[in-house]
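Since the structure comes first, as structure tokens, the remarks are kept for the end.
Chain IDs A, B, C and D follow the sequence of writing; residue 1 opens each chain.
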Amino acid sequence: MKPIDPDFRQRVTNSFKRQTIMDLLGAELTRIDAGLVEITLPYRSDLCQQHGFFHAGVTSTIADSAGGYAAYTLFPPGAAVLTVEFKINLLAPAQGEKLVAIGAVVNPGKTLTICDVEVHAVKGGESRLCAKMQQTLIRRDGTEIDR
Amino acid sequence: MKPIDPDFRQRVTNSFKRQTIMDLLGAELTRIDAGLVEITLPYRSDLCQQHGFFHAGVTSTIADSAGGYAAYTLFPPGAAVLTVEFKINLLAPAQGEKLVAIGAVVNPGKTLTICDVEVHAVKGGESRLCAKMQQTLIRRDGTEIDR
Amino acid sequence: MKPIDPDFRQRVTNSFKRQTIMDLLGAELTRIDAGLVEITLPYRSDLCQQHGFFHAGVTSTIADSAGGYAAYTLFPPGAAVLTVEFKINLLAPAQGEKLVAIGAVVNPGKTLTICDVEVHAVKGGESRLCAKMQQTLIRRDGTEIDR
Amino acid sequence: MKPIDPDFRQRVTNSFKRQTIMDLLGAELTRIDAGLVEITLPYRSDLCQQHGFFHAGVTSTIADSAGGYAAYTLFPPGAAVLTVEFKINLLAPAQGEKLVAIGAVVNPGKTLTICDVEVHAVKGGESRLCAKMQQTLIRRDGTEIDR
């Protein structure tokens, strides 16, 4: 996939910094390529559901941003990305020392971009697919921020 | 809907307290009825995406718990609830002084329960539907915690 | 909900007639209101899955059209409707003398419209919710037919 | 992926023959491997939506069966497969001489199996991804046919 904007990495990095929730959770951007973004989230005991695993909403948060920024890498400067919807399957307990979400563009479109996001739980150094998301993003130009 | 366990409110309250992410976000249980649970999240500037709205993952987090606990109200003591999957549409910017997620059981089943969750953004006292989730939960008995 | 086009019923009826699959399955338009469309499908033994129930894909077909046309009732003349995506839960066996799909607009948008569709299985005169769909539609003007 | 039942191909073939809708649509089983099933559907003018493309419900029908049978290849004899839910994105017009749906198991589970299904539209000999499904299946043993 060919990015329109050669400075897409900088654009993603800047936008990610404005996502204040990432800082609250402790999530980090660990890879930015054209059509592919990875976000890593180290375990903390305040990110959990009732059994001590990462909460499904936390898993969804980094997955949503990984997919959204994967789409965003292919946008022109000045365009905004918004999530239209996503569907996520929780496949296995999200437990371990960290989660790694990898968002990849499946179908880049004029208006809508479809992404696939996998989240892996890394435990004792071993990685296991713990969630899978299929996501629809919309590109908005100028000042439109509604869907 | 008839709960099997008359102490379902206590069971939900106890489990919610163990969801450490709720405390981190500042989310509160504001209603527990048979088959219906509401969670409220006041605005904070550290819960946001790049435009200053609540992040879609934060919206999803309270929606997922509202639906999960709605299902859980109908479970017998000793059973656990896990999210199998959910799909969420973000309908409007999640902005305002608070979000209110209302999870309702649509179809209670022996193994699987289906819920509908609406999230409303309250801005200047006015409420607007900003997200809608359709969710599948699984009941696990005893010590099973996988899906 | 207020339709822009007073002739929306005629527009839906005409478009439905061009959906040749509806004729193959034997599906009929049984209600058209602003933001709400109902499609009814009588049982036939050639519409089934391996246990003799309506196939989930058949249920999805009438649900998708019911939701799509519900959105379409609110469009101006000349606009086209396309399904972006949908998610459907199959809640109970789709068995009985007929299926009734009711599509309703949840959030009408400039570009995207979100619908909720319920499918009821009518057996021995009793109706039971057998499927629930959450659907995203896009409005395309002029000759654009891509998403 | 290792099938428990060495006769899985025969089991899938027999079950597919009982899906009467496949015969009505003209769909054919074109590949059966452990954890992977392909269904092909030649174009016919009575399978269409209002613009003359394959109807999204028809696309969903073969995708649902491809994913369901992919899961079924890994089941023991005597077990049944039912669709819990699926989510499908329609990525491009489903036009051409045939559709090919490829269902693949992502996560085989004791109770639930998650599949990924891609549907390709073949036009003038060229194949294009036109739909993508993420699907949850349940295994039922004995005579249980509810979810």
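Just so it is clear, contacts are C-beta pairs under 8 Å (C-beta built on N, C-alpha and C of every residue); 3 or more make two chains touch, one makes a residue touch a chain.
The shown structure was predicted, so the numbers you read here are calculated from the model rather than taken from an experiment.
With centres defined by CA atoms alone, the chain at the far end from subunit B is D. When the C-beta pairs in contact are tallied for A-D and for B-D, the bigger tally goes to A-D.
Per-chain CA centroids place subunit A at a distance of 21 Å from subunit B. Between the Cα centres of subunit A and subunit D there is a gap of 28 Å. Rounded to whole angstrom units, the spacing between the C-alpha centres of subunit B and subunit D is 32. In subunit A, 84-85, 87, 89, 91-92, 109, 136, 146-147 are the positions where the chain touches two or more neighbouring chains simultaneously. Residues 87, 89, 91-92, 106-107, 109, 114, 116, 129, 132, 134, 136 of subunit A are the ones that touch subunit D when the two sit in their complex.
Contact residues on subunit A toward subunit C in their complex (touch as defined above): 84-85, 87, 109-112, 136, 138, 146-147.
Subunit A meets subunit B in the complex at residues 15-16, 18-21, 23-24, 45-51, 55-58, 60-65, 80, 82-93, 145-147.
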